[in-house]
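So that you can tell them apart, the chains are marked A, B, C, D and E in the order they are listed, and the count of residues begins at 1 in each.
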């Protein structure tokens, strides 16, 4: 064959279609960039994309198709946890390397040595959130608002795990579902709790309404979010209420690092909308795969695997290295909304705190 | 003759409507009893209470000395009751024959698990055809129920009830919707079945036929029993005449 | 104080539900169809309202125009989708409706993009404060809107000849024609009103969250069904009360039993409990 | 057969068992259920927990059936109280309640993170497919048998008119419960098989959308017709696969298809073929 | 008043009435008799505009109304008392009457309701009761009253006495006689031949959707045997 195929699945239809779109555009950008620079091993990269609707029952046949029919060299998930975790098992069994771009389920990499993740685990980011709130901002009386899915739950778990270490007193925790856009009763109760700060997990489409409703009700304390907020859409939805919201994420908008700055500019040019964390993660995963194939000098899965394990690559979301389990080790970016845009706030680079599980 | 059915103090109120108030009567074994009364007197309600399709506020109903007022409908049917509806209720997705065949096979479907036992329906279908023949609608046997004229459906109700091999057959206006020739013919059939030993309670407004075939009358009005007795005697009672009887019945009774 | 606030929030949720559910209950009352695609019309209303408001800068224009447009789409849906299958068993219309709803959601995504749209300058966001309770103008508008719209509808159905014609059509459409009632017009009107109300609800919701998404019909698609069942299917006043009750149950439930059951589960647990006690719903027709 | 075709065929087989179960409840007995996925889920969770506890596969499949069937009887009891459209909404509620409970049960059921690393059934991909195939054939045969037995006859009566069924001595509650027990047990079996197929389950696998998809399979095939349901299931499971190359329009096509079949062929594909057959016959007769 | 010219009508593929010729003359009662399924109701509903016409014409006041819908027909003065009464059962007695006059000017409604109540005082006593909870006889009265509200010139009545107690039948027949005396044209379907012949002027007997006998009521009374034979037809098939 005259191309090297990389398999990619993401939710292009259904409820998660917006994230699917972002991650796909990010991945496409990476392929275009690699190809423009001459491809790998003298061949062009080809991205084989399938829609999984973020459903496990769909991603299993897709994984089998990518492996059995398309004969991809590496598989990449631009999808959510459920679809990623079940596809991971298929790739592991077939011994084809597989990289999860931004799914956060802790068991994904535990499928086996062929499975990697280029983003943070939910727990890791939750711990970073605790440090940010308790240590760096010095807030002690905190209310948690948790999105009821794997993402929100693992963030909350990580946050709670480290909260006491930083002197945080969690006065209450409320939960909401991913379908909720009206938070009237939670807002009323939070107002009564009168916390120093709020740690609220969510995606831009839930966090936008949540933040603006909290602010409208006169809740003025700091609100800390995570990479789910990380989209220009969040600022559009929340409007002026977005000002001053702080999040932990993997993309630094003010970065002077060329890889990041280039990505942000190139993405907007190609996709026609501003980049976000999901897009950067899709981009990163493809970059890692291309780099590994290049270094392996071959498309042999075992050699590619070894090359991925040895990754030390600077990309849009930072410097990627993997631990023994296949989890990424990199710094957490802290961003804040200022004048209607994401900006640099701080970096958390504490290897002990951010250490992902190694088995 | 012994009493087959005893109805005591049946009271059924729908909200403010007193459909039945303390109605009692008996039905003798082998008897042909006619239940008559003005529209809205509570006749249909009475039959429904007897089979358990509705639950009266108060009731003591005994079939052959056994209290049945607490039993669900299907149990009462097992004990030998059968009802035809005033407003026809066939199984609209089945043919006429299957409507009856299912009732013929009532012993097979009595228990859920034994119903799993057999596949053959031919014997029951043949029996069903005979019953349809008895009420003169066998030519329609393999047609769908939908679109059949009322008179055919009325007779289908009767055939289906007979298929249950009841000891007591409750008929709610079986002759309505038939012209007088058809009505007389169906009435004859019912009389024949009665002669063969089946006890019958029939509601009917066709007084000509009622007086021709009934052994005894029970008259309801406004949810109460106002008269009971031999047809000729009852027809002479002034309260019955006032509540119910019109010109035609006067002619018939005369 | 907190309870009062939760109660108010519950009533706001409930008012929202009521405007959505009443159209559904009208359709059910008239045709015995579980019209899931109603939720698609709700989303369409959100899109139309937002697009018109953004381009004209006026919600006063955006909301009624969206309502009228969606009302007409509702009429078309009746004519094209439901009328030919009215005499089929109920699940036929239900599944056709689900198919239609899925197709509508996908159409929104393909036409308007997957990310959702926002107002350039969201109206009705100013905050009103009294007795320590903060409400946005949009909150008040929702409650006022639902009470007045449903009140008007209830008057229309109980006190006018058109309402009488509507009820006669429910009982026996064929014979209604024989007394000079145009059944087709009654049904068109029914779908027009119901769909226009769904659109109004869609616009209100989009103002609450400043967001219109392809999937925004998801929650109403099933929860509205629960509400009309609670309200006793086909009963306008019952639907209003059931909506408010459910809104309040959810408002308190998410706070006090949110870690045992999620919001949907709370709503449906309530529904099941009510149905086990009253199988005809809170407000039966008979 | 490549691994891709094998995995598709396995999914079709599992879905057939699932759909045949719903057809028993909705097609044969006339009780509309919008919560079938809950029983699928109960089966999957039961089998998953037992498998993780080290129990052998066949035992777990049986346990999945028993558990789902038992809960099915419980839910069936609600069908004795509420009717038709109310039942549809009640069963839908049962689905949401199931999901709500599972979501929040972190220690036992894994909560939002689901259950992963479920041991394999131990017969290989091909072996597992054969197992699914055999079970699917058995389920189909069983349901054909029921349809032709007197039980199926009585189901027909209950589906048609409960009150009339009663007056011809049918024990309506018992039959309804039987339909629920059998139909949900099949769903449980399908769930057990799914958990071995995916070896990872999350609550969302068993949500409202799944219930709707199963109902669609049954209705598109032709409610009540066993062979129609098989064709409908295969079709609706595979269509998204055929349309992968136009990913962006996949769901649109799916929705439009669902609508189109109900709008233009309300009796589903089974009704359509029956009609075509009649036409051909009539033409043949005329010649 | 009304003339059917070789009319064939039915449902979908099925023909219920074949090449029927029928005339209802102004101010007279035409009785339509026949066995079960002979096509009487189909004919009535076809005149009211509810059954598809395959062939032939319906002439009303010498104008062809074959393609008219039911609404146009009621406005033109054709009133219907359908088989099985078919009241609007969740509406009250008063509301049923108001709907009856829906096609007339709103101003006439109150006067019309008064007239009907005078004719059937019983309906006045049940004025606000739901129609569905009335007794059979009351329902039949209401069904006739509702049809009268549309101020018909031609009244179609299907099965006047079905399910009624003798006393109620008497009342209904008295009303029919009264309406005729006031000059109304009536087409009457009735199972009880005897009752029908008492009031009718002209008689048509149908069998399997076709006319088998036609003549004056006088002649009909004399040839009852022949009519009975056709009534019993279904028995001999």
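One rule holds in what follows: contacts are C-beta pairs under 8 Å (C-beta built on N, C-alpha and C of every residue); 3 or more make two chains touch, one makes a residue touch a chain.
Which chain is which protein? Per UniProt: B = ABC transporter ATP-binding protein; C, D = Branched-chain amino acid ABC transporter permease; E = High-affinity branched-chain amino acid transport ATP-binding protein.
Keep in mind it's a predicted model, so treat the numbers as computed, not measured.
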If a chain touches chain D and chain E alike, it appears here: B, C
Joint neighbours of chain E and chain C, given as chain labels: none
Maximum inter-chain contact count - chain pair: C-D
Farthest-lying chain, centroid of Cα atoms versus that of chain B: A
Longest centre-to-centre distance from chain E, chain (CA-based): A
Between chain C and chain A, distance of the C-alpha-averaged centres to the nearest whole Å: 36
Whole-Å separation of chain centres (CA-atom averages), chain B against chain E: 29
Cα-centroid distance, chain B relative to chain D, in whole angstrom: 42
Between chain C and chain B, distance of the C-alpha-averaged centres to the nearest whole Å: 47
Multi-partner residues of chain D (each touching 2 or more other chains): 103, 248, 251-252
For chain B, residues contacting two or more additional chains: none
Set of chain C residues in contact with two or more other chains: 106, 259, 262, 264
Complete list of chain pairs which touch one another: A-C, A-D, B-D, B-E, C-D, C-E
Residue ranges of chain C touching chain E (in the complex, touch as defined): 161, 164-165, 167-168, 170-172, 174-182, 285
Complex contacts: residues of chain D adjacent to chain C: 26, 32, 78, 81-86, 88-90, 92-94, 96-97, 99-101, 103-104, 208, 212, 215-216, 219-220, 223, 248-249, 251-252, 254-263, 266
Interfacial residue positions of chain E with respect to chain B in the complex: 11, 14, 33-37, 41, 83, 133-138, 159, 162-170, 191-195, 228, 231-232, 234-235, 237
Touching residues (chain side chain A, partner chain D) in the complex: 12-14, 49-51, 53, 55-58, 60-62, 64-65, 67-69, 81-82, 85-86, 89-90, 94, 105-107, 110-111, 148-150, 152-154
Touch list for chain C against partner chain A, complex: 1-2, 5-6, 9-10, 12-13, 16, 106, 109, 113-116, 118, 122, 125, 127, 129, 134, 136, 139, 205, 208-211, 213-216, 218-219, 250-252, 254-255, 258-259, 262-264
